[in-house]
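Pasting a structure here, questions to come.
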Amino acid sequence: MPDYQSILEDIYQKLSLDPDRGEVASYIPELANVDPNAFGIYLQLVNGESYEVGLSQTHISIQSISKVLTLAMAIHIEGLNLWERVDIEPSGNPFNQLSLLELESGIPRNPLINAGALVIADVLVTHFKEPKKEFLEFVRTVTNDQSIDYDQKVLESEFSTGFRNYAAANLLKAYDNLHNDVEEVLDFYFHQCSLSMTCAQLAKAFYMFANKGKDMQGIPRLKKRYVKRINAIMLTSGFYDEAGEFAFEVGLPGKSGVGGGIIALLPNEFVISVWSPGLNEKGNSKLGMEALEMFTTQSNLSIF
Amino acid sequence: MPDYQSILEDIYQKLSLDPDRGEVASYIPELANVDPNAFGIYLQLVNGESYEVGLSQTHISIQSISKVLTLAMAIHIEGLNLWERVDIEPSGNPFNQLSLLELESGIPRNPLINAGALVIADVLVTHFKEPKKEFLEFVRTVTNDQSIDYDQKVLESEFSTGFRNYAAANLLKAYDNLHNDVEEVLDFYFHQCSLSMTCAQLAKAFYMFANKGKDMQGIPRLKKRYVKRINAIMLTSGFYDEAGEFAFEVGLPGKSGVGGGIIALLPNEFVISVWSPGLNEKGNSKLGMEALEMFTTQSNLSIF
Amino acid sequence: MPDYQSILEDIYQKLSLDPDRGEVASYIPELANVDPNAFGIYLQLVNGESYEVGLSQTHISIQSISKVLTLAMAIHIEGLNLWERVDIEPSGNPFNQLSLLELESGIPRNPLINAGALVIADVLVTHFKEPKKEFLEFVRTVTNDQSIDYDQKVLESEFSTGFRNYAAANLLKAYDNLHNDVEEVLDFYFHQCSLSMTCAQLAKAFYMFANKGKDMQGIPRLKKRYVKRINAIMLTSGFYDEAGEFAFEVGLPGKSGVGGGIIALLPNEFVISVWSPGLNEKGNSKLGMEALEMFTTQSNLSIF
Amino acid sequence: MPDYQSILEDIYQKLSLDPDRGEVASYIPELANVDPNAFGIYLQLVNGESYEVGLSQTHISIQSISKVLTLAMAIHIEGLNLWERVDIEPSGNPFNQLSLLELESGIPRNPLINAGALVIADVLVTHFKEPKKEFLEFVRTVTNDQSIDYDQKVLESEFSTGFRNYAAANLLKAYDNLHNDVEEVLDFYFHQCSLSMTCAQLAKAFYMFANKGKDMQGIPRLKKRYVKRINAIMLTSGFYDEAGEFAFEVGLPGKSGVGGGIIALLPNEFVISVWSPGLNEKGNSKLGMEALEMFTTQSNLSIF
């Protein structure tokens, strides 16, 4: 077994010297206030061991990483029916997200782009009486951590600047692919994005995707065949138009968020979460991408 | 001078026999209730004479025809500055309206597509304290007809089904090309679309575009150079992706609305308005297009 | 009647002072050798009078202006059947010419974009045994000028650099919308583009479009209804993605070429040709566009 | 270890009953002559064992499967420089292949779409004096089988119908992303597509991608880090716009060809090749896709 602690510390030290941290996301005002030098890694092995370095216990806004967790809930509810409302193909360029939605008559390309995640949110809003409460409960349960909560300030930021999401939700509605009120779906969606978690908590939440659907308490949360498929979607579509690059350089299923968090995993082996708020030009954490590339190279672990 | 009354009657009789009336717009519920066999024409010569046939005095929902009137108001206010926020090129295919807006970073292709008309609406909302009242006042004044008004039922229909317009407005907002609240701009925009006018009133309202900017009372309402340019925009962009076809077959500047109305004009000669609610597959009045083609052929009048 | 000679001289003098001449086309090597300061205008009235200023008798490469002349030949042969193979709508952005062709399954948007002109060329190659000779003969006849000829050096340049045209022709072939060999059609197309004419000759060649189809000798060359329609296509599609701008600022049907020539006309009144090789960023002659705008403003003549 | 022979036979029997075989590719005339009921599978374990069923020893036209083999040769030559001329992102919809190339200024989205494979072909044409001979030699060497050869009849079919490839090559040339003559590159490209191999030979050729770069004789042919990356590209881009679906349902890196062949592999475990000429609507072998889905389900082997 590799000496994981040494590997993490080596990555941390080397990347800490990198003067180019990328750009902290500014379109959500609350995210722009984060220290660009923040950096943390948490590694959770499936065997129960864990390793960490840097700000692995600091709360961050998980943003789009939440899309994998809502997808897990929706696929549990809807099963294969889900794919009538959202496709599973990589989306290519991000600039044309609404364009794609128009071209493809309101069927989002996959559940990890915003339009797709809005459809997933709609499924949960339809199914649950109190979807925000249920989602929070789900995350708290699989992590066995009742302290996890929404960040009210980030939430307000989302509401006041989410014009593109309003546009996408209304376009979905025009195509009859949103069954609830636009406002209600966006309320849930902005909440899920505003969830605040540490790298450690994130790794625990995603443990089930590396462990055939069982969470850290050994409780089955998701069918094995769904786990396999969600991992496939993360690999092909987890990093916007850098998904191919990530598969190419890192070779793990994963998901990034505009808050600078990234989660990645090797089935049956580990979950790793990284946080550094500076983003590269594709919108993924710059140091996070580099850290994961170094980790798979040094540990010699990848699905390929 | 051609015998206009005979021409109109000939067109009316021939087209009345056409069993294929096209499809009445159904996406706005209130419009779907109109009699598909309704048909009327009104011809207003610049010299003051007028001719009419069929339901030329029935009120119809002018819908997108209103975009030319708000454009006239906005260009009067903003002059050339207007073109920093909206372009003047034909838009090609309609299916990709939001796509184009994304591709062109929030600058609508021209002021006669919905996105462009929303920017024009935003200009008026910024400039006037009571834009809905001012717009109504403008139309009443140039037609010298105080009876013109918004149709409340159509208006409610617009609000409850205008998801694409909500999407477009939010996307413009995301690109900082909408300065007022989305709701406020849409409130104005839905009002302008719901304006109810007869063919006769429409022809009178557009008289200024055929008469170098002076209305039927001889009062200057728009600078000559703006009239020339608005006519150019109507010719290249007045009929969605059938603009080329209309220029080709009819050869007049004009504008259609989804309510089945069409207005067209020959500078210094006449304004003609036609109404028949059935639409062709491009979204323009089927009989209206045919009537105008017959009219220019029989009268031998066109700009080309 | 306006004092045309004074107007032309005024335009010539004012624009001659403009230090910004645009960029001479460089992608065809032979065109890049032209003097960027060259500038000439020729005005041919329908009543027979003519006025000129500057290099109006210098030979230029007419390039895309030729598309209107081949269109006239093809519409004479095929009539309405032509529109089954090519559409008549404006094309919007030029960057996506092949994209549009793919999106629209091999039907070019209009006959004045390259793909459309290739279909027109194919029609002529099918119909004539010696299409290059026939085209030359047609131009010589309508201008009554046997000296007009292809420019061999430009022709070689076209062949060696026309990769985009090869791409478009092959794509048309893939969609079964090219009936002859790609090489044969391109041979004709490159010839038509390489035709060398003076501003004076161009104005004479286009006289028929301003004179209901009759050429300068009074001989009918094209049916009136085709003239009207070709003028409409020039207005909506004659200037790439600046067609709306040209209609807006100038208000005349016209066509530009990458050699820096522009032809424009007012039905029943005049034909005007301008040449200045520097192009604006849209690929139209910079001084040419400005000259025509000044001309319609000063002469107060436009179709709108 | 699963009972592979039983699994293969079970799949073979169940799928042999499927009346819907998809459509045999017709655009290449020579491919259209194949028996639509043909079906074979070959499984090569990394440990040296092999299993087969049906027509696993019949020669098929490998078509696009060849792209992975030329990519391996090119990456060996160019290393990371290769990625300046071709990207590694999934391409999404296939209908817009030339559109994407235009939108992205001549940089193909990945090396497994036709435009990307043409750039790869160009690299080999530049590097080798006799590229066709070298490619054949490479395939014969890694399979240790001198009988493999090009199929002359398929080759002629390619030349006479490859208009889209001519279009793509010329467009690449227009963007300066093809350094050799279009004809020369296409000559090589059509040869590689016409390579004729059995399922057994294909599995042996791809053995190196499952075995860290070493072929069946244990000879290193490709660096480990390149193997990992090519596998990643196969996973994200190996099945046109069904790549996401394949990752989702099968979960293996792989590549399909229009001849009905599919190759897929699990690193360190096995290579599997399937052939059935009928294609689904996405252009991948219908039975082939189903067979692989059944194989990973029954063997419980996948990268996820």
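As written, the chain order gives the labels A, B, C and D, with residue 1 at the start of each chain.
By our rule, contacts are C-beta pairs under 8 Å (C-beta built on N, C-alpha and C of every residue); 3 or more make two chains touch, one makes a residue touch a chain.
This one's a predicted model, so the numbers in the text were calculated from it and none came from an experiment.
Asks: Would you pick out the chains that touch subunit A and also touch subunit D?
Replies: Chains in contact with subunit A as well as subunit D: not a single one.
Asks: Under the document's definition of touching, what chains do subunit B and subunit C have as common neighbours?
Replies: A chain counts here if it touches both subunit B and subunit C, and no chain qualifies.
Asks: Expressed in ° and rounded to a multiple of 5, what is the rotation angle of the C-alpha superposition of subunit A on subunit B?
Replies: Rotation angle, to the nearest 5: 180 degrees.
Asks: What's the farthest chain from subunit D if centres are computed as the mean of the Cα atoms?
Replies: Using the mean of the C-alpha atoms as each chain's centre, the farthest one from subunit D is B.
Asks: Could you give the separation in Å between the centres of subunit C and subunit D, each centre being the mean of its C-alpha atoms?
Replies: The computed centroid separation for subunit C versus subunit D comes out at 47 Å.
Asks: Between subunit A and subunit C, what is the gap in Å from one C-alpha centre to the other?
Replies: So the centroids are 55 Å from each other.
Asks: Enumerate the residues of subunit D that touch no fewer than two other chains.
Replies: Only 103 qualify.
Asks: Tell me the shape of the graph of touching chains, choosing from line, ring, star, complete and other.
Replies: Graph shape, chains as nodes and touching pairs as edges: a ring.
Asks: If we count contacts the way the header does, which residues on subunit D are in touch with subunit A in the complex?
Replies: Contacts found on subunit D: 87-93, 100, 103, 109-110, 227-229, 231-233, 235-237, 241-245, 247-249, 251, 253, 267, 302-304.
Asks: With touch defined as at the start, can you tell me which subunit A residues reach subunit B in the complex?
Replies: On the subunit A side, the touching residues are 95-99, 101-103, 163-164, 166-168, 170-171, 173-174, 182.
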